[in-house]
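Single-structure report; data block below.
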Amino acid sequence: MAILAVTEQLLAAKKAAGLTFADLEAKVGADEVWIASVFYRQASASKEEATKMIEAIGADSSLIEALMECPVKGSLDPLVPTDPLIYRFYEIMQVYGMPIKTVVHEKFGDGIMSAIDFTIDVEKEEDSKGDRVKVIMCGKFLPYKKW
Amino acid sequence: MAILAVTEQLLAAKKAAGLTFADLEAKVGADEVWIASVFYRQASASKEEATKMIEAIGADSSLIEALMECPVKGSLDPLVPTDPLIYRFYEIMQVYGMPIKTVVHEKFGDGIMSAIDFTIDVEKEEDSKGDRVKVIMCGKFLPYKKW
Amino acid sequence: MAILAVTEQLLAAKKAAGLTFADLEAKVGADEVWIASVFYRQASASKEEATKMIEAIGADSSLIEALMECPVKGSLDPLVPTDPLIYRFYEIMQVYGMPIKTVVHEKFGDGIMSAIDFTIDVEKEEDSKGDRVKVIMCGKFLPYKKW
Amino acid sequence: MAILAVTEQLLAAKKAAGLTFADLEAKVGADEVWIASVFYRQASASKEEATKMIEAIGADSSLIEALMECPVKGSLDPLVPTDPLIYRFYEIMQVYGMPIKTVVHEKFGDGIMSAIDFTIDVEKEEDSKGDRVKVIMCGKFLPYKKW
Amino acid sequence: MAILAVTEQLLAAKKAAGLTFADLEAKVGADEVWIASVFYRQASASKEEATKMIEAIGADSSLIEALMECPVKGSLDPLVPTDPLIYRFYEIMQVYGMPIKTVVHEKFGDGIMSAIDFTIDVEKEEDSKGDRVKVIMCGKFLPYKKW
Amino acid sequence: MAILAVTEQLLAAKKAAGLTFADLEAKVGADEVWIASVFYRQASASKEEATKMIEAIGADSSLIEALMECPVKGSLDPLVPTDPLIYRFYEIMQVYGMPIKTVVHEKFGDGIMSAIDFTIDVEKEEDSKGDRVKVIMCGKFLPYKKW
Amino acid sequence: MAILAVTEQLLAAKKAAGLTFADLEAKVGADEVWIASVFYRQASASKEEATKMIEAIGADSSLIEALMECPVKGSLDPLVPTDPLIYRFYEIMQVYGMPIKTVVHEKFGDGIMSAIDFTIDVEKEEDSKGDRVKVIMCGKFLPYKKW
Amino acid sequence: MAILAVTEQLLAAKKAAGLTFADLEAKVGADEVWIASVFYRQASASKEEATKMIEAIGADSSLIEALMECPVKGSLDPLVPTDPLIYRFYEIMQVYGMPIKTVVHEKFGDGIMSAIDFTIDVEKEEDSKGDRVKVIMCGKFLPYKKW
Amino acid sequence: MAILAVTEQLLAAKKAAGLTFADLEAKVGADEVWIASVFYRQASASKEEATKMIEAIGADSSLIEALMECPVKGSLDPLVPTDPLIYRFYEIMQVYGMPIKTVVHEKFGDGIMSAIDFTIDVEKEEDSKGDRVKVIMCGKFLPYKKW
Amino acid sequence: MAILAVTEQLLAAKKAAGLTFADLEAKVGADEVWIASVFYRQASASKEEATKMIEAIGADSSLIEALMECPVKGSLDPLVPTDPLIYRFYEIMQVYGMPIKTVVHEKFGDGIMSAIDFTIDVEKEEDSKGDRVKVIMCGKFLPYKKW
């Protein structure tokens, strides 16, 4: 995965400012994963949101507009990602994809979980046997239309 | 994705018994997604668990042993799945993969969320603007070992 | 693309009944493309809809239930389809994909056309220089959620 | 998908001129999707059309000739596109490809919808439950020749 | 490439009748390559044409209808065919694709050679240094429509 | 497909000279498709041929040597080309590959049409219903050797 | 790689007869690799050759005709073969492909080694440090035709 | 296949010196194919060998060290190479792979021909019907170890 | 991965006999991983070894010969395996491949670790923080031959 | 595989310092494979570890921070690596993957060997018949969680 030039500039400014995305969550008033998505150019911000982000990390205001554009999304180079952290999501889909499909159909009928009207959160769950990563996805159920 | 013969037998018996996986959750005392994973031969049950499942759906006891074997896991035929419900998880990985990686590293350091010491739940969140699907993944954080 | 056994049974019954999908549109009260989607097991029908379809083509009533299940969707074998009629849709996406993306973003903002809350119609447009195929897709615009 | 240098110049000029493709439709007298296709170098313009476009966006006249060349078309990098908006067209082809093929054959006989003698329009359909994207494809039916 | 069952039946009958496709060309009144395309289920025949073919090879008349259906076309299993004779056409496209594209554009403008309104002939050209295979493709030029 | 730097130089010189490949055919005394193949670095010229070409388009004589080298041939980036004009040759191979194979074997025995001892011509066939592109391939038949 | 039914029959008969391909070389009067190619349906035999082979292994004479047909050649399932012995030829092509190309061009000019007018032999070279496999390929040089 | 910068420098120097790889074979005292493999960075030379090569072609002595490094080997870009000369080796593996495997096992038992303890030679065999390319591969037989 | 019929028979007999591969190691006098490789038809046994295995699990002696054949090796269906246990070896190669390559070259020079003259062992290392899997690979170093 | 710029700088400094990774193991107090992994940006070091490494090779201290970042891991360009040394690990997975899976399940139950809580060592085993490469992998067994 090639990191975009604009993303590198943003990450460098953020690093220079000594801030984590959790810090930005507090300053910008939006979720840290979503802010990271804007930085990686997978999501687009409003002018107000972009301005807050750029100011928070002390980057050049000429970058504000870049954060407002609708990006071409998704860009893990090989179709099956090689990074172990990201690959685990592919594995989860391979192993639990059909079970989830069946359970969703039983609970909701024929349709899908939207990946657009959708939020995703990452939380740290402390555990004496080793902390746990909690990823919470929440998407609107979209029933298949008939016509 | 070719459905395994044993899975088809199990699903037919479950249908004949008129039970959902949520019903099985109550009867077997394990999560519905995990039970579905056992039925789709992505997870293995103990003898006691397998027996409860087979009895709950009234299937032939000769199937108990099949549920106890360690399956070859993962079998969505094309590398990029075509089923829209399952594909959305691929899309989420493509769009939110790098942002999540960054946030996990900030919260935990270099490592991954385990997909083995891992649970996944599906919940229905009622919402007047349209119900929402909530998928909660929870995996142990595994830090990279140095040596 | 392997045709499913159930689809072959349905198409054989429909042929024996001497009906086109346009005829079924009139008898069933639903669009011909959607009915074909149910026959090809890409969409699921309600009990009432399935019953009407089976009765219209004079097939065995034991097939009604099959039309009500949520199918695993999408199954053109090679990732790039070889059938010339179907391939043209791939080519359209390759050639006009970015232009459409840009125009949709200008008209609607960042988001997508749903392929779930979605209808598709095929019409014949008579033309002295050669008839034309008109394909009308209509999907709800889904704006990306921020959180 | 790498954006061509010439496309980037054109989009920058258009942005500086504060025009949408819908505005260009009015100024150039051609459809906005087709104009976007010329900008993305998927279609070629006549000298007159190219001149109008370049003048409308106030770009350098040296770019006129570039718009007149026959481009190498189609260039979504991975065979299966990852951008969610563009992917939906792939999904539509996967899910509705065979049903459409069958209906077209019933209406027209053995042949295809041309993707060359072809137009595509994008319209906004206002709807109180959420606006809808309407994509209208219209291609000449080409029957298979026998010889 | 799996040979279809119907194709195997047709080829067996033709072999039993001791006929080449060139013989069928004379009997059926259509080109041998096209007739072979119908046998391999890549093209569809009219009732009259199908009847002539079946009678010429002395096959069962129940096969007539199969030749009249619109087939799912194209089915060389790997995307890059391995059979040396067929692969050479892939190699020709790889080596001469861009040169032909340029020459066609110079002669005709932006557009394509139709592969639907199209004929293909195979001739034997006797040559003392070794006979030559002549393949003549002839397709209607389709200019890109502007709109 | 990335155009090679040397090809771009040659095409620019040819454009500045206002010549088509058909014009070069007359000046150089070789077929236009073959000359285009040399320009696209898919074929190699002798010193005399290269000199004629470079002089005809008024390019720098330092380019002569480049046209004499044996190129690494074939370079359509994706395995299945996306350009519609070039793709049609892929489609022809998919649809008519097996029929041609069978007819060639009937006419010549087991072997192939050479793509090396091979010529390819493009002609314009005027037709009141729309001009036609004629592509004539002619390759030596090579019988399989036994040993 | 799925072994064809006819190949399995031939190999079983050969095994029952207790013969190696080297034995068949002596009995049939043709090279063992070529005979193996006929058995694996990658090459076609004349009636006389096929008869000798079938008689040598004591198989049913109804198999003679099968050996005379022009097979669809090449059928290692994955594009990159997994069998270690066969893979080594792929690795040799990857590592030594460009060096061989260069040396052939220096020795012969622009062209290829035919894989059709071609023989391949396997010999055992005894060596005190470990026997060696010698594979000798010999194909006609085919110069690129100009036209 | 992108040619490495160091390879381009070496080939340019060799060209300027007016030497073929066969000339280098005489000067360096090693096979021409192996020397070409070192130039293409598929094999590594000792200091003495590298020095001889660099001196023979009159290149800068700073390049000596580059020839001594262990390269990352194999780099034909597409998995199936498109260059016709190189592709023929792929075709040979597809067509003759299984026959060779069988003959090797009969002659040697279960094991492989090493591609490491391996030499490959290219010879020109003059023939009045057309010269022939002879490629002689010779690799140590490695039997599978049991443990 | 489709399990071969013979492998299924062997595994069933072994299960009926109530033996693990570790038990077979003791009875047969060969490593458990290698015995499993013979059962999965990835390695070939001598007559004596095969007989011991078949007798140990009480299978039909007609299976002895099957274990003696040289199998077509390697057959994980997708190029990138989906089973999580097997995938980890792919990931190890992705993450540690280049570091290992460098270290091996520093220790041994240019060459490879043989995967043929090779053994692999699996051991259980008890550990109070969780048992560990130890996989020990040991292959002969093969230096690249120069010629 | 493109080598990262930072890796190239590190390897050049290490070369200038005349050190092997085994030398660094002694100086840094960590395993040579792991140190190589940090250099190839597949693993991240603490500030103290990074400082030791940079000082040991005499590189610029501005590189320290680069070694502390969590890299995007895994980047062998083709999905199946072409370098022979690295490919052997792919082959081992293809050939011994299922046998290892079975033995691990017999020894540990359903679960995997972690590739994160994991070490890998490379040792040279001297042997009069040729030295051997020993690769020792040791990963925590992770049992599948049930819930």
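Think of it as A, B, C, D, E, F, G, H, I and J in the order they're written, each chain with its own count starting at 1.
Throughout what follows, a contact is a pair of C-beta atoms (placed from the backbone, for glycine too) under 8 Å apart; a residue touches a chain by one contact, two chains touch by 3 or more.
Owing to the predicted nature of the structure, the values given are computational and were not obtained by experimental measurement.
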Report task. Can you give the shortest number of steps from subunit D to subunit H, where adjacent chains in the path must touch? Result -> 2
Query raised in the report: Going by the stated contact rule, which chains contact subunit C and subunit I alike?
Result: A, B
Report task. Quick one: compare the interface residues of subunit B with those of subunit C and tell me same or different, with half as the dividing line. Result -> different
Report task. Express in whole angstrom the distance between the two chain centres, defined as the mean CA positions of subunit B and subunit H. Result -> 50
Query - Cα-centroid distance, subunit C relative to subunit F, in whole angstrom - result: 41
Query raised in the report: Touching two or more other chains, which residues of subunit J qualify?
Result: 1, 34, 72-76, 79-80, 82-84, 91, 94-95, 98, 101, 111-112, 114-116, 118, 142
Query raised in the report: Who touches whom among the chains?
Result: A-B, A-C, A-D, A-I, A-J, B-C, B-D, B-I, B-J, C-D, C-E, C-F, D-E, D-F, E-F, E-G, E-H, F-G, F-H, G-H, G-I, G-J, H-I, H-J, I-J
Query raised in the report: subunit J touches which residues of subunit H in the complex?
Result: 72-76, 79, 115-116
Report summary line: Residue set of subunit B touching subunit D in the complex reads 80, 82, 84, 87, 91, 94-95
Query raised in the report: Residues of subunit I touching subunit H in their complex?
Result: 30-31, 34, 43-45, 49, 70, 72, 101, 105, 109-112, 114, 116-119, 121, 142-147
Report summary line: As the complex stands, subunit F meets subunit D at residues 1, 78, 80, 82-84
Report summary line: Within the complex, subunit F is touched by subunit E residues 1, 20-22, 32-34, 36-37, 39-40, 42-43, 73-76, 79-81, 83-86, 88-104, 106-108, 111-115, 118, 120, 122, 124-125, 127, 129-142
